[in-house]
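Shared chain: chain A. Partners: chain B in the first complex, chain C in the second.
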Partner chain A sequence: MDAFLQDLIHYSPQILAGLKNTLLLMAVMSIAGLAGGIGVFYLTLGKNRLLRWGTERYISFFIGTPLLVHLFLMYYGLPQLGIRLSAFAVAVIGFTLNVSAYNARYLMTAYNGLDKTQIEAARAQGFRFGQTFRLIILPQTLRLSVPSLTNQVIQNLKDTSVAFLIQYPDFFAQMQEIASTNFQFLKTYVAAGLVYLALVSVIVAAARRLERKTALPGLETLDHA
Partner chain B sequence: MTFWNILLILVKGAGYTVLVTLASIGAGLAVGLLLAVLSLVRWKTVRLLLAAYTYVFRSIPVLVLLFIVFFGLPGMGIRIPPFFSMVLCLGLVSGAYLAEIFRGAMAAVSRDEITAAEAMGMKRVQIFLYVIWPQMFRMAVPGMTNEFTSILKYTPFAYTVGIPEIMKEAMSLAALTLRGLEIYLAVGILYYLIYKVFVVSFETLEKRFRIPGLAGE
Partner chain C sequence: MALIEVQDLVKRFDGKEVLKGVNVLLSEGQSKVVMGASGCGKSTLLKCLNLLVAPTSGRIIFKGEDITRPGVDIHRLRQDIGFVFQHFALYTHLTVEENITLGLRKIRKMKTAAAREKAAFELERVGMFEHRKKYPAHLSGGQKQRAAIVRALAMDPAVLFLDEPTSALDPQMSREVVTVINKLYLDNITMFCVTHDPFLAKYISDSIVFMHEGVIVAEDIAERLFYEHDDPRIRQFYLSVIDHR
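The block that comes next holds the complex of A and B.
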């Protein structure tokens, strides 16, 4: 049998453990990022000007700076203050802050396209702001942003590969380790690329299903790919 | 080492970051335009190849691609220097996204204008150069700006192949001075400044060439 394949089989427990870590990180940050995104979006609609300004700056900063900087800042910078976080904790916090900013931006764009008379109508009916948000604004903005939000999940999967730079033992970290023992860099990294390709395909298929299921006739979705 | 010295070294690194970003934007534009033009070809094989290209380069993480190119290709006897490896990867990936943006912008050009141009006796190349392109570029500005800033945010990966940009300088400085917190905070602010400069210059460019009444975004 091909020596490279034998290597892959030999290291398969390690590879599978890495895959598990990758998928775990992706799932956690996708869910936390969606919740965070909705929270930030809620704040941007608030009445308090200072709070609105703050959330705008937050979104702008996280969209304007590389993810790796946030991770390094927490992983290599915070210990200086005596705060030592595990690579997983740093990855989850860093990614969530980042993903929330993007998701909030998508929801804001969808909100701008909404017919605002609905909100006025809701207020006239005596809905409180929280109710308007939960019952009128959110269902529509979430639906409209399904393509952007699912694109973000794909992006999340790809971004997990960055976590190996802060020593998180994800899938790519394992492949990297295997490559440095068998010196088959090309084959190993191409194999890694193919695995990401397969995983993305699964997410894309799921995203299309979700899109079809949540589609409302007459309500066009927005895509910010 | 005073913080002032540290900042100076980081700013020098920022020069490399900007250089990598601009070179990658150039490469991405070249690839994106080529793919967008090819997408007008009605040949089935070409379409299939384009779809495969977009699929592959939108699915593989930039970091993995960079490792394939920089650490993998030498195994086949192809050695690409660090700077060009980085630019090649970002060019290939952003080209896939830019092609989509251009395609969308081209589709937004009114059919009637093309029919009118045909009626005036313009050749296909002329229609493309004088009717489609000028509008496509203008309508693609928001998408392009987005993609260019993504390129900027991918450039820290360049440190993994040894390009002395901000991140690499920051890492050696942090190891040397043990002041990681201030250093990475400064790095974040530097990136944000570069980002702002990019965004504002694109906005200015867009305003400079804006045509009133043309549906942008």
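The block that comes next holds the complex of A and C.
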């Protein structure tokens, strides 16, 4: 058997553990990022001007500065203030803050495209704002944002690969370690790339299904455009 | 008995006075139409009455209670007033049936089955039962407006407000909707309707209120207001909307 394949088999427990960490981080930040995005989006619709300004600044800050800076700041910077967080905690917090900002922005964009007379109708019917948000605004903005939100999940998967820079033992960290012991850089990184590609394909397939199933009535045709 | 009594209602939008002291009365079982040139404040008046727009001054007595006073439960007030919009304003992600049952379930706290039954009954009355599983995007304008009327009526409001319910419709669909509103009129549903359409106005009103630049300048039954009033503003308005048809 090819020596490289033998290496892969030999290191498979380590690779699988890395893969597990990668998927875990992706899942946690995707779910927390969706919840956070919805929360931030909700705040941007509020009456309180200061709060709206604050959330807008938050979104701009996280979209406008590199993710790695946030991770390094928390992992290497905070200990100087006596705050020491695990690599996983830093990754989850850093990524979630980041992903929430992006998701909130997608939802806001979808909201701008909504027919606002429905919201006035809901108000006129006597719905409270929270109900209008939950029953009218959110279902529609979420469904309109499925393509962007699922793209973000793909982005999340790929972004986990920088977590090794704060010592998080993700899949890519394991592959790097293997490459540095067997010096098969080319083959190892091609293999790593293929694994990411396979995972992304799974997400894309699921995303397409979700898009078809959740398309808003009247907008289904956009699917084929 | 007066259901709604409006006294000296004033509304200013950043300094611009849109309602300049409106006085109007709507009794239970009565149907009133509001007419007047574009921009004279008709929609603003309707929206002040259910506090979608906050009045600047004046009093609005609804069921004997001054709703302009602080501490009024605006949600409860609005739940008692059905509102039909020019552009239907149906919830696009919900079927016709769901559009109607949403308020029944979430506001009236009805069980889903009971809400569906109520929706079916009301849809039947306007000939929309067969369309209950369709989404708004798959309906004609007339069907959308009938669905919107049912959504408002199913809540059993004390009064139905309609803001130009036929202006977004072509003549045929408009007739469809006029027929439905006329039925409500004959059923003595309390209504307050803004329209530019003298045909609709005539067939659904006990009396017509004519507004000009934020004040009510005349109130009379359709025949007298349209044909006998000598206020030039009313003549001019009437001729313009007649030409339009």
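Just so we're on the same page, the second predicted complex is superposed on the first by the 219 of 225 C-alpha atoms of A that agree within 3 Å, B and C clash if a C-alpha of one lies under 4 Å from a C-alpha of the other, contacts with A are read in each partner's own complex, and residues count from 1 in each chain.
We adopt the following convention: a residue touches a chain if its C-beta (ideal position, glycine included) is under 8 Å from a C-beta of that chain, and two chains touch if they have at least 3 such contacts.
Remember, predicted model here, so these are calculated numbers, not experimental data.
In the superposed pair of complexes, A:159 makes contact with chain B only, with no contact to chain C. Contacts of A:185 after superposition on the shared chain: chain B is touched, whereas chain C is not.
When the two structures are aligned on the shared chain, A:217 is found in touch with chain C, with no touch to chain B.
Set against each other, chain B and chain C touch different numbers of residues in chain A, with B touching more. By the touch criterion stated above, A:125 is placed in contact with chain C alone, chain B being left untouched. In the superposition on chain A, A:67 makes contact with chain B only, not with chain C. Within the superposed three-chain model, A:31 lies out of touch with both chain B and chain C [touch as defined at top]. Of the two partner chains placed by superposition, only chain B is touched by A:81; chain C is not. Contacts of A:9 after superposition on the shared chain: neither chain B nor chain C is touched. In the superposition on chain A, A:135 contacts chain C only, with no contact to chain B.
When the two complexes are superposed on chain A, none of the residues of chain A touches both chain B and chain C. Interface residues of chain B facing chain A in the complex, by the touch rule stated above, are 55-56, 58-65, 67-68, 71-76, 97, 100, 146, 149, 152-157, 160, 167, 170-171, 174, 178-185, 187-188, 191-192, 195-196, 199. In the complex of the two chains, the chain A residues touching chain C come out as 115, 117-118, 120-128, 131, 135-136, 139-140, 143, 216-219. Touching chain A in their complex are the following residues of chain C: 50, 52, 75-81, 83, 85, 87-93, 102-103, 106-107, 135-138, 148, 151-152, 155. Taken together, the chain A residues at the contact with chain B in this complex read 61, 63-70, 72-73, 76-81, 154, 158-159, 161-162, 165, 172, 176, 179, 184-190, 192-193, 196-197, 200-201, 224-225.
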